[in-house]
Structures are given as C-alpha cells and as structure tokens.
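Note that subunit A is present in both complexes that follow, paired respectively with subunit B and with subunit C.
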Partner chain A sequence: MNTTVKASSKLFVGLTNQNQVRGMATLKDLKVRLGTVQTISKLTKTLHMVASSKLRSAEKKAEELGAFNVGPSKLLSEIKSNEALDQLEQGTTFAEDRSNKQLVIAITTDTGMCGPVNHQVVKACKALLSKDTEDKMIASTTGLKGTAPLATDYPKKLLFGGRDFGKQDYSFPETLLFLNEIIAKIPNFDNAVIVYNKFKNALSYSVDALFIPGFNLMEQHRDKFYTYQTTEDRAATMKDLSEFYLASAFWASLYQNRASEMAGRMVSMDNASKNGESISQGLSLQYNRARQAMITSELIEITSGAAAIEDSN
Partner chain B sequence: MAGQFWRAAGLTYLQYSSMCASHLRNALKEPFRATANNREKFESSVTEYVNGKESSTLTLDTALLQKQLKLTK
Partner chain C sequence: MFRTVFTRSSTLLNNKTAFVASGKRFYADAVKSEDLLTFSLVLPHQTIYKDKKAPLITLPGAKGVFGVAKDHIPKIAELKPGVMQINHEDGKEEKFFLSGGFAFINPDNTCYVNAIEAFPIEQLDQEAVKKGLAQYTQAYNDATEETAKAVALIGLESYQQMAYACGVSV
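And now, the complex of A and B:
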C-alpha cells in the first residue's frame, strides 16, 4: 500500500518539479506515461477512422429509411398530446381498457466514447420522467448506456434495457421482437414517446422525441381519419395503425441515432487524438530535458571526480 | 373482415407483421432467400428491470422468432 502511494506521488512530483526530483525513477515514470499516452492516441485515432468510415453508410441508411416514416408521421402528426383522453369524464367507456400508462423508449448505444449522444437522450428522458408525478410513464432503453442512469434515478419506472441491440446492424425482426416485449407488458398504452438523436449532418445532431398515439387516443380522434378510406372495421385499423407507427417510428429513429452516434464518435475521437498528441509532445519534451539534465549531472560528477584524482596525484 | 383472426388468437400487430415478413422471406428463390435470411440474423438480449434491479433476461434471436412462428402452425 505504502509503496504504491509513494510511486504514484513520485510520478506527479517528478512531472511538476523537474529540478528537485531527478534520477532514474522519474525518467522511467515519464517514459511509461509517454508510452501510455501514445498508445491511447493510437486507439482513439483508429476509433476515429472506423467511425468516419461507418458514418457514411449509416448516414445513407438513415436518409433512405427516413422516407418510409414520412407518410405515417404526417398522418398522425395532428395528435400531439394526451389531452383528448384526459379531458374525458370519469367512467367513460373506452374501446379497450385504459391503462393510463405512457411508454418512453430511449434509444441509446451500448458503447460510449461518442460525445454527448447518449447523455443528451438520457437527459431528455429524465426531464420527461421528472414531470410525471402520477407514475404513468414507463421507460425502456435499447442500449446499456441508458439503463444505468435511469435505473439509479427512476428505478420504479425502468422496464426494459436492451443489450447488443443492433450490434452488427439493426435487423427488423429483432426490433419487432423488442417492441413486442414492451407491448406485451403494456398492451393498451395511452401513448409512446421515442427519444433519439436526430441526425442533421456530421457535426450536428439534436435530441428529438416522436409521439405515438395509442389505440384509445386514436379512437378519440377518429373524426380526423374520416377522409381516409379503411376497411369496415375502423377500430381494428386504428389499433394496427398505432402499432405500425410505433414500429416504423422506432425503426427510423434507430437509424437516425446510429448516424448521430457515428458522427459524435468521429468528432470526439478526433478531439481526443489531438489532445493526446499535444500531451505526448509536452511529455517527450519533459522526458528529453530530464534525460539531458541527468547526463549533464553525471558528466559533472565524472569530471569533478577525475579532477580530484589528478589533484591528489 | 377476414384479416383479424390473428388478433383473436392473441397476436399483436408486430408479431403478425414479423411472421408475414418471415414467410415472405422464406418464399423467395434461392440466391435472394439466403441473402435475405442473412440480413435478418440477429442476437441480442433484453433485460427486465424491477425496482431498478435486473430481474430476468430474455435472449432475442432467430430461434425465438422461429419458436413464435411455430406457435401459429
């Protein structure tokens, strides 16, 4: 215990006060530290390159898939809140039993090191959950980075957390299974909110939330859909439409978030490698100075020793 | 209407459309079928939380999907 404290304190002293502490230990410590910084810089550089190459395909996919969600979102964009349900009197009968539950689905990633991507989503989710005083909201996340912060702050409201979700690439049956797990728990949700990062370009993305009305809410807004022709069973179509929009919005926002993740990783890893480079430059300067000082002092010792021998002769 | 028997059987629209998609992929001709099936491969897990603690984990993979498909046959 004691020795480790000594060693680490020596490292810091050695770095700050070069003139006072000299010798092999400091020099070695500096060299070790320099090596570590260089290795990490290499890693961040690699991550930067991987992210920038992945960004292009993710961006393309997000763009192509976005088109599929335009229609449904246009159709349902008029329904923006639960008001229609909340304004109803007590004891009103609904098309199906009202659960009074709202789903919050946060799209997060499994791995970090991608700038503020996950942080933004978690922050937006917490803002949503903090407003919810009647315990109506139930949160789920797709990635590991969202579960821990939500589990500590709102343990009662967290329902599902995904892992390895879309590790290679998102697959449609997988997302359907995931959503189905949530829906199986709360089949008649009032509404669902998907929180994700909307991708703009490689340097900017912002948190966005999609509102998906549940079946009961849609039934309240039935008159809005009379311009559209459906099968005889309008209620069944509404129920399908609600679930369809949930899946379609979820699928589109997954890809938006993936593109934002890659953009965030690219930028933050670029910054990290720049920082690493400047640190390693400073360290190598320090290392060379310390080395030079050590050599000089050794030379002085040798010459003064030789001089002393000559004098005695 | 005829299309709603699956809901009576207790399926959600998501399960229903997932099944339809699987059957459609299986109905493709060979070179396309293999690529379509490869594209849909996945393995992940979903963990249920109760009071902020992990309570149970379900693995989502193709086997689970196949199991769901067989339930309807």
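And now, the complex of A and C:
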C-alpha cells in the first residue's frame, strides 16, 4: 500500500510542477509564502516559551522525584552486566527458570519538535539491538516517536509501544501498568536496560542506559547482599526487589527524560524561530522589491502612455 | 588540702540541683547527631523526608513491625500496609500510614523507606475506613475464585491496619 501512495504522490508532484508558472514568483505567491513563514515562526516561538516555562518544573521534578530511586540504586547499581549469568556452565540450576531474554525499554516522547532527544534514544537502542545476534532482546518503548523507527528496523524484537503514555503527567499507577504488561509477557527477564536522556542542565543532556538486574542475576551476585538481612523468605523478597527496582529506576528515568525533552524543545524551537525570522526578513525584502518593481513599471507605462498621447496631439 | 577538695566534691554531690542539672546535660549529650539514624521517606510523587535525622523509626514490615535506630543490622525489608512511626529529635512523635513498599537499611546508618503512598494518620477518615472495611469483608466472604479472594484479602488487611491506626473498632 505504501508504494502506491508513494507512486501517486510522485505523479501528483509531477503534475503540479508542470502547471507551475515559470519565471519570477508573482507578488501573490510571495505574500502567501511570507504569511506561512510568519505563522510558523509564531508557532515555534510559542512552543519555545511553553517549553521554557515547563522546563523549570520538569527540572525540579526530575531532581525531587529521583529520590525514589536512591535507596534501591544504592544497593543494586553495582551490578552492571549479566556476564555472571553467561559464564555459568550448562545445566546450572537457577533460582527460577531462565528466560534468556533481556528487556530494552526506550523512553521517547509522543510529540516531536524537541531536537535530537528521541533520535538519540532510538539510535542507542538500535545500536543495542544490532549487537544482539542470538535474539535475546525484547524492546518496548514509551511514546510514539520511538515506536515507528524501531518497528521498521526490528519488527520482530519490538514488543509494544505505549502510546499517550504520560501525556499529561506521569502517574505511578500508570507506570506500573505499563511495566506489568512487559513483565506479564517475560516474567523472568535476565536483565533490563532502560534507555533515556539523562538531564544535565538546560543546554545539555546525554543518552544513558540504565542496567537493571533480574532476579537470577541478583542471585548470582548474592555476595553483594551478604551483609543485608532479609526475611525468612529471601527468594521472594529478592524477586520483588528486582521488580521494584525496575519500577523505581524507570520512574526516575521518565522524569529525567521529560526534563531533557523540555530542554531539547526549548533550544530547538529557539533556533527554529530565529531561522524563521531570517527567512521572513529575506522574503519581505524580496516582496517589497517585487512590489516596487511593479509600481515602477506601472508608472512607466502610464507616463509613456501619456507621452504617446501628447505626441499624437 | 585534701580535706577541702573532699568537702567541696561532697557538697557538689549533696547539692541536688547541681546534680540534676548535670544529669540533664548527660541526657542531652546522649542524642548527639552522630547517634541518630539518617532516614528518607520517599513516595513516587513526593519526598516527605530527605536525609532526616531521628533517634528511632518504626516500620510495618511484612513479617512484623520493627524499629530502626542507629547501628541496626543492614536489612532489606518489604513493607505491608501499616503505620510508620517517627520519633523525632525533639521528642515529638509523628505517624504515617504507608500503603506498603520497601525499606533499605544500609551499613552506613542510612535508611531509605520507599512507599507507594503515605499519609499522616490524622488524615484518615474514620467513616470511610468503616465503609471500606465492611466492603472488603463482604468481598472476602463472597469470593470463591482464588485471585478474587487474594485481592479481597489485600484490601481487607489494608483496611484492618487503617482501622487499627485511626482507632476504629473492628
């Protein structure tokens, strides 16, 4: 279906090109273009203003709500790869059946116009997925902007994309529902990787991949928790903890990404409105020149007409 | 000379007010800041306390209520719905109702309490608690399916704890 649409759109472009008047753009064309550019500039300027006002609260939230992840990450952030699992011999018994699956969760936004924020995440995700030759990874995204590019390149590896997720503001129950959907499909993941934009300041952010160990991996790193006492049912606590850490890390990353998104939008919309301004300046110059040329030629026509009448008299 | 010293110290001992004063000072020294636990109470959408010092906090663990003071054994504990009590430095007590979560007690005398929801217990509505308790008791008795029964039990236990917290007789 896509090819037919493409073909027909090509045909359409060809047709319009044929009909186009050659030579200098007319005064009306220029005026229409000038109007469009000015409207777009207005839009980008508004977006810039909205983003910069939202940035402050997003920044504050990213900082404040990040506290939710401090406790768990202090405990678990030391585990950075699942080598411990891969080094084990065949036939080792695990605390639970090993799924051999890794979750890749990309945090992207629903709306665009925010510079390279989503592009960077998608690029990092694709880099991760391209290394995966044994078909171990399962990707899922929040936001529309990540779903489409991942679905075209890795349709089999994409589990699902959360559309309209956190459209207003992220809520924790909604986040849990989203993660529950993933965990219901792959209940005993080896590890999860959350790809998001880590917020630094209003002008800079960078892609970060957060490593979340699954239950089996945590059991392999048991020595790290020897000092910690747990309840009698240690395995159940650790299983719950692995899922809890996934949720808390995901929650903190969501807000980091939201702040980065606002920063990205602010910068890119500022650039866009500057560009729009310079284009509209150029266009209005061209428009005025064309208008003046028209007036001059009309004047010449009138005066020469008058001169011709005088001459004939 | 010895005599004077001895008499002086004995008068000090006999002087009751001086003795009480020094005793008080001793008590104040006991709650020095290095003898306190550093704890954080965080919710997903709010940070209630961050790196706050307190002599003692009491948490509703899944396997029973336990208190945490300085030099508590490092622990990872799941929390169930229940009351968390904070004994502040100034002797005041504050009680929160937690909906459950995790508590991490680290070897460096820090404690992170990650709850999903927390409210001061004064904010619990007794009428609503009574209503909820009746509703979930009914649901638990009616439930035949295993999952429905488990869900009802969770609700029932939460409301029982709430009733206990705000003094509604069960």
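The working rule: the second predicted complex is superposed on the first by the 288 of 313 C-alpha atoms of A that agree within 3 Å, B and C clash if a C-alpha of one lies under 4 Å from a C-alpha of the other, contacts with A are read in each partner's own complex, and residues count from 1 in each chain.
We take it that a contact is a pair of C-beta atoms (placed from the backbone, for glycine too) under 8 Å apart; a residue touches a chain by one contact, two chains touch by 3 or more.
The structure presented is a predicted model; accordingly, all values stated were derived computationally and were not measured.
*Asks:* Which holds for A:Glu243: it touches subunit B only (first), subunit C only (second), both, or neither?
*Replies:* Only subunit B is touched by A:Glu243; subunit C is not.
*Asks:* On the A-aligned overlay, A:Leu75 touches which partner chain: subunit B = first, subunit C = second, or both, or neither?
*Replies:* second
*Asks:* Of the two partners subunit B and subunit C, which one touches more residues belonging to subunit A?
*Replies:* Touched residues of subunit A are more numerous for B.
*Asks:* Quick check for you: in the superposed arrangement, does A:Asn180 touch first (subunit B), second (subunit C), both or neither?
*Replies:* A:Asn180: touches subunit B, not subunit C.
*Asks:* Scan A:Leu159 for contacts with subunit B and subunit C and give back first, second, both or neither.
*Replies:* In the superposition, A:Leu159 touches subunit B alone.
*Asks:* Would you check which partner chain A:Lys131 touches, where first means subunit B only, second means subunit C only, and both and neither mean what they say?
*Replies:* In the superposed model, A:Lys131 contacts neither subunit B nor subunit C.
*Asks:* With both complexes overlaid on chain A, does A:Glu232 touch subunit B (first), subunit C (second), both or neither?
*Replies:* Once the two structures are laid over each other on A, A:Glu232 reaches both partners.
*Asks:* So, A:Phe172: does it touch subunit B (first), subunit C (second), both, or neither?
*Replies:* Both subunit B and subunit C are touched by A:Phe172.
*Asks:* Using the superposition described at the top, list the residues of subunit A that contact subunit B and also contact subunit C.
*Replies:* Shared contact residues on subunit A (touching subunit B in one complex, subunit C in the other): 171-172, 231-232, 240, 244.
*Asks:* Show which residues of subunit A lie in contact with subunit B when the two form their complex.
*Replies:* 147, 151-152, 154-156, 158-168, 171-174, 176-181, 183-184, 187, 231-233, 236, 239-240, 243-244, 246-247
*Asks:* Under the stated contact criterion, what part of subunit A meets subunit C in this complex?
*Replies:* That would be residues 64-65, 67-68, 70-72, 74-75, 171-172, 175, 225, 227-232, 237, 240-241, 244, 248, 251 of subunit A.
*Asks:* Can you check the complex and tell me which residues of subunit B touch subunit A?
*Replies:* Per the touch definition, subunit B meets subunit A at residues 1, 3-4, 7, 12-15, 17-18, 21-22, 39-49, 51-53, 58, 60, 62, 64-65.
*Asks:* For subunit C, which residues count as touching subunit A in their complex?
*Replies:* Checking each residue of subunit C against subunit A gives 40, 42-47, 50, 61-63, 73-78, 101-102, 104-107, 112-114, 116.
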